[in-house]
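Structure below; questions to follow.
To keep things simple, chains are lettered A, B, C, D, E, F, G and H as they appear, and every chain counts its residues starting from 1.
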């Protein structure tokens, strides 16, 4: 059964997107990325350290852009303008790369998205030809507005970035998923494998995570767990779960033919 | 990493146990069992139909005892005596097979276990040399008593048999798991893949299910989802999840080097 | 203990605000309002029926503005402009009444707020001297922006209007409450008394509801239940609840002096 | 509307039962008991301190048995025998008082009930003419057995004694309540006012608590909150809550007559 | 040729008997006198105190509203 | 007068042709030969190895079971 | 040779001055007169009405209890 | 009087040896040749293809960035 994730016209086998921050070193980053089976990795754009050793290895040496789809983000940006400038630099940096993750934060304590600034940035970026995967709140109306603007994917939070609290409001995600025509990915908040499975069972097209893997005691083992959890959740969604019923539990064994 | 499930001294690679009831036909039963990767299948003991066609195929033709570890159960028994007689027959039926699933029900509407009758049956069966995997409530004291009697595994319910309600009281399961020295498996109530993953993340040694697979729209696909979910949950448990923190969300990207 | 709710400089004894829609008749409306002990009632602004019987009683005959603080709302408005015009009419209608409930909806199916239009309307209304109590999502950044604009109270939803689903995301409400300097009231979604108590225990300044009372089998009895629930939740919040601890349960009776 | 709680043929106005342990002093105990409006107070039976000052005041001086219905408990008993002897002493101590709270614990760490010992004790006590209100787990079959033995009320835990975790498994409580013909009271685990309201909304006949009041920052204020919460929850149950519906939220204001 | 004029009230066309009518006259004409209402004319509020002074024009767009039960 | 005897098999009365029948004979009579079954006679297990040796008596109560799908 | 006798009260050994003591006398001896207490002697309740009549024996095991705060 | 000029690179003032320097020259000067970087000059992107052509001016504000690990 082919069940590809299609974003901006490109197909991906894996529905798990992974961030590259917070790992012990580049070797662990690569090992975790490999274990996760991801095809799309997020990267941040930062100033080069003036006068740094020109020969020290960089992330790109460990994760060659030829092997992965890069998803440059705007982590740390608190205004539409900063986010736009950051992604223009990313586009130039990655040879006219257009697929980007837009996030505009509202508050350094919660890292909750600033949806009004996010909308302002999305309008400009879409006009400039970017393929915008947008991090947002679980507000269904904002999600719809971002889709109307022309974003290629909406990525509501499950819970606060780096919190690992899991999916706090599955009902809002459900509303977003049922009305969206573009892929809906859960971004931020996933803390363990079951969180990822739940997101997929809700009907999400994919899950993006970083801390849940990087901050696990064993990041590489957790990366593999997440790969299986996303696949399990997707297949569970496609297989059509049994109906829930508190009462009249029904036995799995025949009720006749009992010895007497 | 070898991480076998050991029950009564025997090792199993798979931590998923699957029931063989409620499938469309034996072919679907076999396909689902294969997709689940299970090594232990539960079967019920029932009166042979007098005068039935002696040549019609039986479950054992599709699931040869040579390929699987059979776990005969006492489904449908409402007294210790019926359960004991049923398992003595099972032992003879399966050539002095000693590994059995004891369940004594308290009520046909809820199928909730009758723990007092269960304890009475367990005492007799253990004395007779049975290796008893016992279905019980999530009462930590009863679980401890069943362990003291000599059961080889305690299998508390997640929720009512056939309900698919998932894990209603993870706290009790946690108490049972933390104090038990024998394997604790969740039996009954799992409805979808994430339920199985949650059970394993709680530290369960395994999960036993039937309806969640057999009553899915696509049982074979769901069986595969459950295989991955149990593995994902187990690895997530072993990998050591990140700490949850509602507040002070921490970014996955560097907070320095922002463009200005 | 005086523990008044202060909104726009005016004190209220009751922290329960009640809507006046959906009742069987005006008599039931009045009976429920009385049972609730509320001092603030919301009303909608609608076109007068041309050629209606000039003598038929109106809501105001049953709830004299002299006895209650009216809170005209913009229910049914999907744009800032409609909301602004509606509240200007309300202000004139109620003799330069300035305390209003602003709500701008984003979608007739979910009635989820359109926060961008809400912000646009709030800016105009505050400038015009309205005291704006604003219905919004549980987005902490939007809540902060509405406070900065000069609204006198932010009223995030617990769940969708008329859904009775209760508080779906207490964590977001907690974030809003902890950072807001103006009263935070839960508006929409409360379905039963415990929902109201939970909202108050989170630290909400008050609760606004309509359907939970009007759609109960016995609205007047439920109105009384809500009065007690809001008071109970408030006092529970002020009394400082015991710490939660799953483990090492501590007995309420002495552990010494047991007979032996 | 008269809505008395009837236990063993005696009517009570209050559905809140309160323990007398863990307070700062007897004065606070009395103040909290008064604020709670309870008519039934639990007490423990303990050895008199040999050679203690014969004149120091006792609990009974502050809570005269003439004013309250005493409910002597067996807190701290881990065997049927200890519980039976303790209650025989209580009966003599309180002048042939027959209404008692039976609890037999299974484990000093969790204080979880030992239901097999509890059943054994209940059989003896009922035969001896005691009116047994029995603390038990949330096992519906055990609850039914205790009712069949002749207990006058079953009191399942919401969560562990002294934990304040609230109602961990409302579904089991629901099953118990729907099948029981005797009053079902939640005993243990309530931590705040909303917990008590939820228990009553489930259809409980009453709630018994101690730590939630005694361990609050302000026990007397919390006692009043609990009084209101139990009443609110009861009225909310009797009033018949609105139906929950995630979707098609329905506005509380008319959808016609909008200005245009 | 017919006298009077047509205006739009609450979204419905209304034929008025005369060309010289105030908001006050309209309110009486509509039997709303004494009712608690508010009036918007062509997008602007007409204060009650001005009902007697404001002359209606042909094609005026009026909104006449009251308070009803709502949440 | 009729020969044979009556026994109870799986809760149903069964008339046997002869008074001298072993469990083995009954199994053949019921066409269950070769099937994986287990037999309880009057509450006690009859090991398969003893089918040929155990003589049935009138009014014996037998349970003959097999394994079926169950969870 | 010493007179009196030893009994066990609430788990503690107690030396009594005399060999002829009733429960009543013990209660007075322990300054518990007038207190609301209950007494168990060797596993059986001693009704308050019988305090004066029940003679203590050496090695009697007594439990003397009262009501205290508890939940 | 001193030659060269001062510009702002990544928020830090930098004194350049000459007044005639291209972005390319700056990149070499900073030992970033061959590194995957992107440059913004006074708010506008400088395409890598234009590094050799773009002359720096005094007080130019440059941002020179690369990709790092992030989520």
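The rule is short, and it goes like this: a contact is a pair of C-beta atoms (placed from the backbone, for glycine too) under 8 Å apart; a residue touches a chain by one contact, two chains touch by 3 or more.
The shown structure was predicted, so the numbers you read here are calculated from the model rather than taken from an experiment.
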| Which other chains touch chain B while also touching chain H? | A
| query | Tell me, which chains sit next to both chain F and chain G? | reply | none
| message | A-H versus D-E: which interface comes out with more C-beta contact pairs? | response | A-H
| How big is the gap, in whole Å, between where the Cα atoms of chain E centre and where those of chain G centre? | 96
| remark: When centres are defined as mean Cα positions, the distance from chain A to chain C in whole Å is 35
| task | Round to the nearest whole Å and give the separation of the Cα centres of chain C and chain H. | result | 56
| When the C-alpha atoms of chain C and chain G are each averaged to a single point, how far apart are the two points in Å? | 64
| remark: chain A touches at least 2 other chains through residues 19, 21-22, 44-47, 73, 75, 85, 89, 110, 159, 161, 165, 171, 210-211, 214, 246, 251-254, 257, 259
| What positions in chain H touch 2 or more of the other chains? | 10-11, 40, 63, 65, 68-71
| query | How about chain G: which of its residues touch chain D in the complex? | reply | 9-12, 14, 30-33, 35-40, 43, 45, 47-48, 63-71
| said: Could you list, by residue number, the parts of chain A that touch chain H in their complex? | reply: 18-23, 26, 29, 42-48, 50-51, 54, 58-60, 70, 72-73, 75, 85, 88-90, 92-94, 161, 208-211, 214
| query | Which of the residues in chain A end up touching chain B in this complex? | reply | 1, 19, 21-22, 44-47, 49, 73, 75-77, 82, 85-86, 89, 109-111, 159-165, 191-194, 197-198, 201, 210-212, 214-219, 221-222, 224-229, 231-236, 238-259
| chain H partner contacts - residues on chain B that touch it in the complex | 251-254, 257, 259-260
| task | Name, in rising order, each residue of chain F that touches chain A in their complex. | result | 10-11, 40, 63, 65, 68-71
